[in-house]
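Okay, so chain A shows up in both of these, paired with chain B first and chain C after.
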Partner chain A sequence: MNSRPWVLGIIGLLLLAFPFLVPSDYYRHILIISLMWVVIGSSWNLLAGYTGQVSFGHAVFFGTGAYTAGLCVTKLGISAWWGLVLGGPVALLVGLVIGWICFRLRGPYFALATIAVGEIFRLVAIAWRDFTEGMEGILIIQTYRSKVPYYYLALLLAAGCILAIHLVMRSKWGYYFVAIREDQDVAEAIGISTFRYKSLSLMISSFFTGVAGAFYMNYMAFIDPHVVFSLHDVSIMAILVGIIGGVGTLWGPPLGALVMVWLQETFRSSFFGLLPRWVSEAHVLVFGLLVIFVIRYLANGIVGDWAHIKQLIFRSKAASFSTGGDRS
Partner chain B sequence: MEMFIQTLVSGILIGGIYALIGIGMTLIMGVMKIINLAHGQLMMVAMYITFVCHQYLGLDPYFALFIAMPCLFVLGAAIQKYLLNPLLKVDSILPENQVLMTVGIGMVLTEVMRFIFHSDYRSIETGYSSTAFYLGGISFNLPMFVAFGIALLLTLGLFLFLLKTDVGKSVRATAQNMDAAMILGINAHWITILTYGLGSALVAAAGTLLLPIYYLFPDIGGPFTLKAFVITMLGGMGSTVGAIVGGVVLGVAESLGATYIAMSLKDAVAMVIFLLVLIFLPGGLKKLTKV
Partner chain C sequence: MTYFETQHLTKNFGGLTAVNDLSFAVHQGEIFGLIGPNGSGKTTVFNLITGFYPITSGAIVYRGGTIHGLPTWKICKQGIGRTFQVVKPLRRMTVLDNVVTYAFNRSSSKAEAVAKALEVLDFCGLRTRQDQPAKGLTIGDRKRLEIARALATGPDLLLLDETMAGLTPQEQAEGVELIRKIRDSGITVIIVEHIMHVIMNLCDRILCINYGQEIAAGTPLEVANNQAVIEAYLGKE
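On to the complex of A and B.
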């Protein structure tokens, strides 16, 4: 993070000035959604990329956060903005319980257990109509007509999330997380309580994802179980954001979020109306092909395999070639 | 009481098909140590093949078994050879690369089918779709009964193959210890391809058998992948006998849940069983029976 402070500074300034540079609400919307995915992808990456526990169930935390905000309005009668305060802690508690169940399993089995939990949450949210309004969803009234306040809020969340993960990964915890990823048995043997640190990683991860969910509720003003607990559109998307950008890298998920949201929008709008309409139906297909391609040829994502990509593009005899990227 | 037995019977009959799905999954899991998250999607492809055979060629769905199974065998073997095996050589941070790859494969399969057939619900009409016969006041749906029988035959065939033939023994050896199997001269690479093909063919059979009593649309794969996974967890990973028991248990539990709790929570029953197994019986039924 400290290697090129001026690059960060320029990107930061550009992001701060973005609403003034681009007056179009459409592009602001895309960037807001991208920033939200930066939060989700980065928190997924903390658990999966750094701690090695690949979760297929981040929709649980996203949905919990979103529903916390929504239920603030429908059940408590207070503003949905309280969701930003409550959504994180509630998602964290849910994460704690899920971790208690699912961390009995390792590797792929953990991954599948999280899918099951995600499905349970979705089905319960649909069935428990008295509490969640079921498939009718929750509709609130947006506080601001303009996108600008939401933009700065999303920017703040994304920056806070990245900074928090950066700090965590520099601390003792971060080293423990990576140790667990590299070899759980060895980590346990040298005295790291793997269960505790996996839970910690999950708690941080679910907290930020929950906050992102609460933000989504406030911004989009409508949720239903299929939107926020979706396996494909949230859980798998979080994974895609992570692996395309690069798992186990700080800047991978942010880059992945930009790429994914941009790709999604490009295809949904059939290349902004330039191509025939059927292209818009192909966006999931393209995601699938992208996953296959990235895993096959860029196993560590764009950031993780950057040296490799650079070498391919420039065909230079990069002397300082390393396959790693910053994986810390 | 009669309703209870009726529910039980239909649960066991559908359980036979579930067992077939589960066995395919557990074979792949046992040999490659990966979870095949494209399992239900492969079944969906087989169902579309059967659908096309029936709709455009006028073939009986049960005859289409002889088309769908080889097709899926080839598809599965190709996936293993060209997409999954090369990953063994790629160095990456996440060990779950192959699992993520199967997610991508599942997405592509679903979307390709959606492209060709659109999202419409489809089903096939056969003369016997709603035929039933009665035995002591309990009705047996004919296609379900036939499906159960064929599933039983296929399972027996698989057991004979695994227990009696050399290739089958090689598969079991590879599942036990891949390195040792390779030292003993087994071409483990080839065995993984064969196993994925076999698993796909079995799930293809399940799909074909399911078509006369079920409906079909591209997204049907996901729920069945989950079911396959629940079955394998219930039975114990890599245990074929466990997969059969797990399939029947899941079938019965789902029917009971649908009858006595709520139809809409039928799918949640499977997930709850799954979590209960995880908490109280990690390792599945295999732990109790040791087979």
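On to the complex of A and C.
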């Protein structure tokens, strides 16, 4: 336990020094995208992992943030960087409305409703051409040609998001979120307005996901509805990041983000060109198999089952067989 | 002013009348027993009082105001705590975190909630278990945690739903002691229980219901000797 601040410090220093240690723009890009997924995965985890409200629709907030930034340019004629300021609040408001409607439903019904909302947003973004430019998408001019400013911005967002969630989970809100996950009837019986606290969790979650979306617009300089409102590339990816890293743990989603982005990139590039092109088409299949494996053997994700993994690797009888994870 | 009462309380589930025109009053500071055979509507009465089910007709009055129609969490805020017949700990939290969560109901800071939680754990004899995950507790300790939950929310009126079921005689004796201590601390208690010697020992007054209707009311001795009560439990000769 006492080694934790040291480990965090070393990882932090390595991340700060990364652009100087690794001059390759390709690897910088991979890490920027990973850091963005740290934000989305951690946000999803706050709602699904800690509060127990599994969302299949986080693309709504990501896309809303991205389009807020894009529309700053096309409709308001101001810099897309304003999206970084506005994207979070706009996504939060969207989250508030969606929560107001969907939190009447519990468990799987809530999850199904979020899929529907996600698809509605995608289809509206395609159809409403006067406002969103439809499938032509929005193209802006990148502010920086170097990856380095984007890297530090992504690092700041990821660190800020993890810190915010850490602080929330130590407060009354955090206790109430977990109480709602564990038993909604009990939560009501001990004086928690489950509707209010589920909405608060969703608002924080949608805020950070919206900021990540605005960052994506600024960094990639192009969005269209299929990219930012995608069910499988954003909503499902957020879930994969969460469950592979460890649902309901602080460090699960950050680890899951690194693993998933690296895996996705490995497949997209057909194992860096070593395998034939058709391999890149197989990534959805492999993600599916990975989910089956994780749910079957590591139900609490890599971080949640860390003690178990250590035991398997080192075959040490001393390692305890605890379920691990913070309050999970 | 009556401390707590139900007036002509009725609950229909479709064609089934689970609680039928039930009126009773509870005085501040007493232990009030609610008994009846299986399926007689005792737990339904608790679920109506705490707002888990909406009432069909009648009224529930607590400290001079009607509380029926309020959401469950507001009823808790007003000072009515409850336990569940099937114990419901927050399974993946430690015992201490469980009680801290409950204690936030009347605490403005985390430090205050933790202090309150430790006090309740001491009171309920769970202090030695505080760092265990709640799902690993024995049934006796889970029942204690159930009571600790209701206490930590800072209730004025406590509804206990079969907190003794499944306990050993030794644990039952400890439970009776704990409930007396709770009453002596100034909390009014309504208790649903099947174990007769517990009820007879603890209660100041008892209401016996069957098919959701009152069949007898009075002191433990009066109710135990009531012909209608004996028939409801054992059948007619």
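Definition applied: the second predicted complex is superposed on the first by the 321 of 328 C-alpha atoms of A that agree within 3 Å, B and C clash if a C-alpha of one lies under 4 Å from a C-alpha of the other, contacts with A are read in each partner's own complex, and residues count from 1 in each chain.
As a convention for this text, a residue touches a chain if its C-beta (ideal position, glycine included) is under 8 Å from a C-beta of that chain, and two chains touch if they have at least 3 such contacts.
Fair warning: this is a prediction, and the values are worked out from it, not measured in the lab.
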Would chain B and chain C fit next to each other on chain A once aligned, or clash? fit
Report for A:10: first if it touches chain B alone, second if chain C alone, otherwise both or neither. neither
Determine, under the contact definition given at the top, whether A:85 touches first (chain B), second (chain C), both, or neither. neither
Output check: A:97 vs chain B and chain C. Expected answer is one of first, second, both, neither. What do you get? neither
Using the touch definition from the top, say if A:188 reaches chain B (first), chain C (second), both or neither. second
With both complexes overlaid on chain A, does A:163 touch chain B (first), chain C (second), both or neither? neither
I'd like to know which partner A:123 touches here: chain B for first, chain C for second, both or neither. first
Tell me which of chain B and chain C touches more residues of chain A. B
Give one of first, second, both or neither to describe whether A:113 is in contact with chain B, with chain C, with both, or with none. first
Minimum Cα separation, chain C to chain B, after superposition on A (Å): 8
Overlap the chain B and chain C contact sets on chain A and report the shared residues. 248, 327
Per the touch rule above, chain A residues touching chain B in the complex are 48-49, 52, 54, 101-102, 104-105, 107-109, 111-113, 115-117, 119-120, 123-124, 126-127, 181, 231-232, 236, 239, 243, 247-248, 281-282, 284-285, 287-292, 295-296, 299-300, 304, 323, 327
Can you check the complex and tell me which residues of chain A touch chain C? 170-172, 175-176, 178-179, 182-183, 185-194, 248, 327-328
In their shared complex, chain A is touched by residues of chain B numbered 34-35, 37, 83, 86-87, 90-97, 99-101, 103-108, 110-112, 114-115, 222, 226, 229-230, 233, 237, 262, 264-265, 267-268, 271-272, 274-275, 278-279, 282
Using the touch definition from the top, list the residues of chain C that touch chain A in their complex. 50, 52, 71-74, 76-77, 81-82, 84, 88, 90-94, 97, 100-102, 104-105, 107, 110, 113, 149, 152-153
